[in-house]
Amino acid sequence: MIETVDLTKKFGDLTAVSSLSLHVEKGEIYGFLGPNGAGKTTTIMMILGLVPPTKGEVRLFGKKLSEDYFNIKRRIGVLSEVQYLYEEMTAYEYLRFFGELYRVERLDERIRAVLGQVNLYERRHQILKGYSKGMKQKLSLARALLHDPEILILDEPVSSLDPYGIKEVRDILLEENQKGKTIFISSHILSEIERTCHRVGIMSRGRLLAEDTMADLKRRLADEVELELELETVTETILSALQSLPFVVAVEAHGSRLRVKTKADQDYRGQISSTVFNQGGVVLAFSRREMSLEEAFVTITEKNLSLLTKEDSAA
Amino acid sequence: MSVSHRIHAIRVATKREIRSTLHGIGLYVVLSLVFLVASYVFANTVLRNVGDAGILALPNPVTLPLIVSTGLAAAYLGLCSSLSISRDRDLGTMEVLFYGPVDAVAYVLGKYFHQLAAYGVVLAFTLVNFYGLSVVTNVGFSLEIAGIMLLSVFLTSCMVSFGIVLSAGSRRMMVSVILFLGFVLFFLIFSLVHAWVIGAAGRDAASTMVYVRMIMDSLDQVIRWISPVEYYLRGMDAVLRKDTSGYIMSAVSSLLYSAALLAVSVWMLRKKGVRR
Amino acid sequence: MGTARKLARLLSTVALIVALSPVAWAQETESGETALIDAVERVRELTRQAQEAAPDPSQAATQAPAETDGQGRPTLEEQVVYSISVSTGRQYEGTFAPRQMDTIYLLADEYAILNVQKTMVYFWPITGEYMADWFGMSEDVPGRLEILQDGEVIQTLERVPYTYYYPSGRTGEQRLYIGDEAIQVYEDYQARFNAYFDAVSAYFVEYQEWQRTMDRLLREVQETGVYKDPSEIPDPPERPSPPVDFAYNPRTAFAVKLPAGRYQLRLRGEDGGIVEGTTKTLEVFKARRSGIGYQVIPEHKWTRRFESNDPSDIFYLDGKRIFYVLPHYAEEYNQYQYVKMRYLHKPLEGEGTRNAWIWAQLAPVTGARLQVLHGGEVVQEVEMKPYYVRQRPGYALGYDIVEFDPKADPALQGRSPSFEAYRVELEGDRTYQLRFVDERGNVLAGSVREVRPIRAPGRLVYAIPLVPLVAGSIVFAWRRWSAGRSPASA
């Protein structure tokens, strides 16, 4: 649905996006992550045709934007990070305007539906100047959904929302995805991405550093695996035996709990378990601690930073 | 296909903007002020002069106040145009529009037709105002007045295009407004001074005056193609002369002028982008 | 035209001397008829010589003075110039194109007289004009005038005779005649001129005869003491009137008449080559508009006349209902071209007026009637009449404008009319139209003017502009009200 090939944008000497190749499948929720200045917004702008790329191309629905500009645009819904509304209008007028622009059929019905989705129907005749930030964000989401687009591109969709609002939006997105919509989310609220997205792409300094499903990404990113064991009793012999294992990197004891870091090249859980048993220990619980997306993001971007720094100094 | 999409986008954008204009109080206040100025001019030039002389031959005396009011109204809409794109860009509303099925051409033409539609409202009030003045003073409401009113649409077209091109080229509202006011004042003052020095072209005029005239005449050769005011004055001259072909020429050249400026606006908008 | 007027005055004086002096001679001399006829013949010859020597009137305006007052005379330079005589609609005026001027301007479809001449030229910076010493030197440069358009010769002109003819005297209407017609006009004039002198000779012979008869009758009365019956006393012979018209001795030059457009001019000399300095651009232009101009004489301020040339003008009246009008033909020209045409020898004239337009007043409209219409119906038809402005006697201020009719009003005998015009008197606050029609009742194009009495609107003139504000306030209030309903009424 969304495809970028070797997409590059330079602003003078600054390369905002470098050779970005993305591929977002139909029905997928794609999370687009990256620290500030990573080039996420520039990428979104290039996808929407608002910023011309220096090199490379964007394909939406398999076509270049220039090939069928108006029809492609009618199939996309966009929610930007900051809400820019016509504040002299009411919510109803605002949606009516965009509905007409997108040629939405049975517009009044649709307006009622989307305003209901975002819980703003009761305030449809209120002038937007009086709306709170969160209400504006929800109204913008309603505007993005109004024409029932096949692709939703959302830039920080929950940034101004309270926890209830966040849940509402999350539910809406999942519901829309259930209906078959492809969703491209750029967000810094990683927990939300983690909860919603099927796949993520992580950018830093204009480069796409990683792109995968959540599970694979975490797996691929972890150099070490952290195992947590709860023993009946932790003894020095157990600790020494574990530390002497060649694949064990570190062992920490916290009362009856042990945190063992092993290399990630294999699954060493069996060997750990038998070592404890051999030293007279009794394993009450054994778990493998998953890397959060946040940790993966930090890991990736930090690695990337050090890599880039090396590249820079080598250059 | 894209033409029909574009036309649709222009129509919808124009409709939104005109509703917004009509719902605000600004246009009405400006119109009343403009008409008050026109009434003042009417009472203090035409009515007073006829009263003093007892008999006077003039082209329709509503012409002068009509020119003043249509000129001011067109300048106001030009000023609004000079704000429009830079304000939209500044507020971010332009970006939101471009998320959807709107391109630079549709956007610029939407702005243009919005101001023209607003001028339709201006014309309706102008008609009421000047017809009222004509009736209460018995100065008559002639075909020329209708001709000038129609012609003022083309002046507005030029003014609005001029405002749009400045707005498209400026990132900041203040810059485009200052540029617009600066240019329009310059064009207006130039036209007035030029008319005055020509009027002072007596046979025994001092040679310094002749040189001033010559310089202004040379400048006029350039400014007459740049200044929206000049297009209007040429058309008005044709109205008063009942010169249909001159009138059509003025209208066509005004439209060409507008088209050229709008094309430049589209180019500038594409170049500058829609983001803040 | 100052010198032309001087010349006219000189010739009038000569004619007057011719008419009166023989009477004196006849009374004082005894030599009789022969001496008288000789005297008349001498005057005839002198007058004829004066006429033939009279310079082309179109060159008089650009003639360099013999000596400028206290300023000395600038250095004269010999140049080949175009001497130009152009019609301004009312008369022919003269200018010339010195070497420095590249473009000549002429009216379209009107004859202009151009001549290529060698003369002495100087530039007088104080008045900013070129002057030529035509009296000192004005040699025709032989050759044919070629007129080119788009690089191709479209006309080749030979010099032809031309003359200016004044049917009602030298200060009146002026006509240009070209070719054989010019010669014929001049010969006709000469015939009238000679006939006049012949009549003058005959008159003096008859006068002497009459004088002698009267002397005889007087003597008889003195001798007999018996008075004569009045029927026996003869009437004196009638003194002949000199011709009122005048024609200049024909000269030769190029008569140019072209449609509007841009051309080139050059003189091809007798050797077949182009005479140096004769290649010029010729801009032939036409009127943008034409119509009937009105000179309006308000009854209450009769000395403050004003013009209305533009057919789109409307006459607005405030309280006054009587005025007088005088029509004339009028044409609107580009000011730059029109002024350059007339004053080509003054390089600064007309500069900076390329986009300005000027109404030229042409000949007066004669033989027309003024119609006053209301609601499409003719309500008055007015003839042109003479009027007299009579000051009110005594301490009363002001004046009355009365029809000049000395027969009906003996107080006007011996006086002349103040002006001739069409009198318009309107009634009430109605709207009228004025127009002129010719003898056959055809409306003269561009002569229609609307006349509207104006009403003082008072403060209403400032109330009407508030309509948009009222409308806007209603819309604005409605908008606020309808938006304020939410959410309770949603």
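We just call them A, B and C in the order they show up, numbering each chain from 1.
Methods note: contacts are C-beta pairs under 8 Å (C-beta built on N, C-alpha and C of every residue); 3 or more make two chains touch, one makes a residue touch a chain.
All values reported here derive from a predicted model rather than from experimental measurement.
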| item | value |
| --- | --- |
| Most distant chain from chain B, judged by the mean position of its C-alpha atoms | A |
| Chain nearest the overall Cα centroid | B |
| Chain centre separation (chain A, chain C; CA means) in Å | 94 |
| Inter-centroid spacing, chain B versus chain A (mean Cα positions, whole Å) | 51 |
| Distance from the mean Cα position of chain C to that of chain B, given in whole angstrom | 44 |
| Sites on chain B at which at least two other chains make contact | 23-24 |
| Of all residues in chain C, the ones touching two or more other chains | none |
| In the complex with chain C, residue positions of chain B that touch it | 22-25, 27-29, 31-32, 34-36, 38-40, 42-43, 46-47, 50-51, 53-61, 125, 128-129, 132-133, 136-140, 142, 144, 197-198, 201, 203, 207, 210, 212-217, 220-221, 224, 237, 240-243 |
| For the chain B and chain A complex, residues of the former touching the latter | 1-2, 5-6, 8-9, 12-13, 15-16, 19-20, 23-24, 91-93, 95-103, 273-275 |
| Residue numbers on chain C that touch chain A, as the complex places them | 482-483, 485-487, 489-490 |
| Chain B-facing residues of chain A, complex | 45, 48-51, 69-71, 73-74, 76, 78, 80, 82, 84-86, 88-89, 93, 97-98, 100-103, 140, 143 |
| Complex interface listing, chain C residues touching chain B | 128, 288-289, 294, 296, 298, 300-301, 304, 306-308, 310-320, 323, 332, 335, 339, 343, 348-357, 429, 431, 449-450, 452-457, 460-462, 464-469, 471-473, 475-476, 479 |
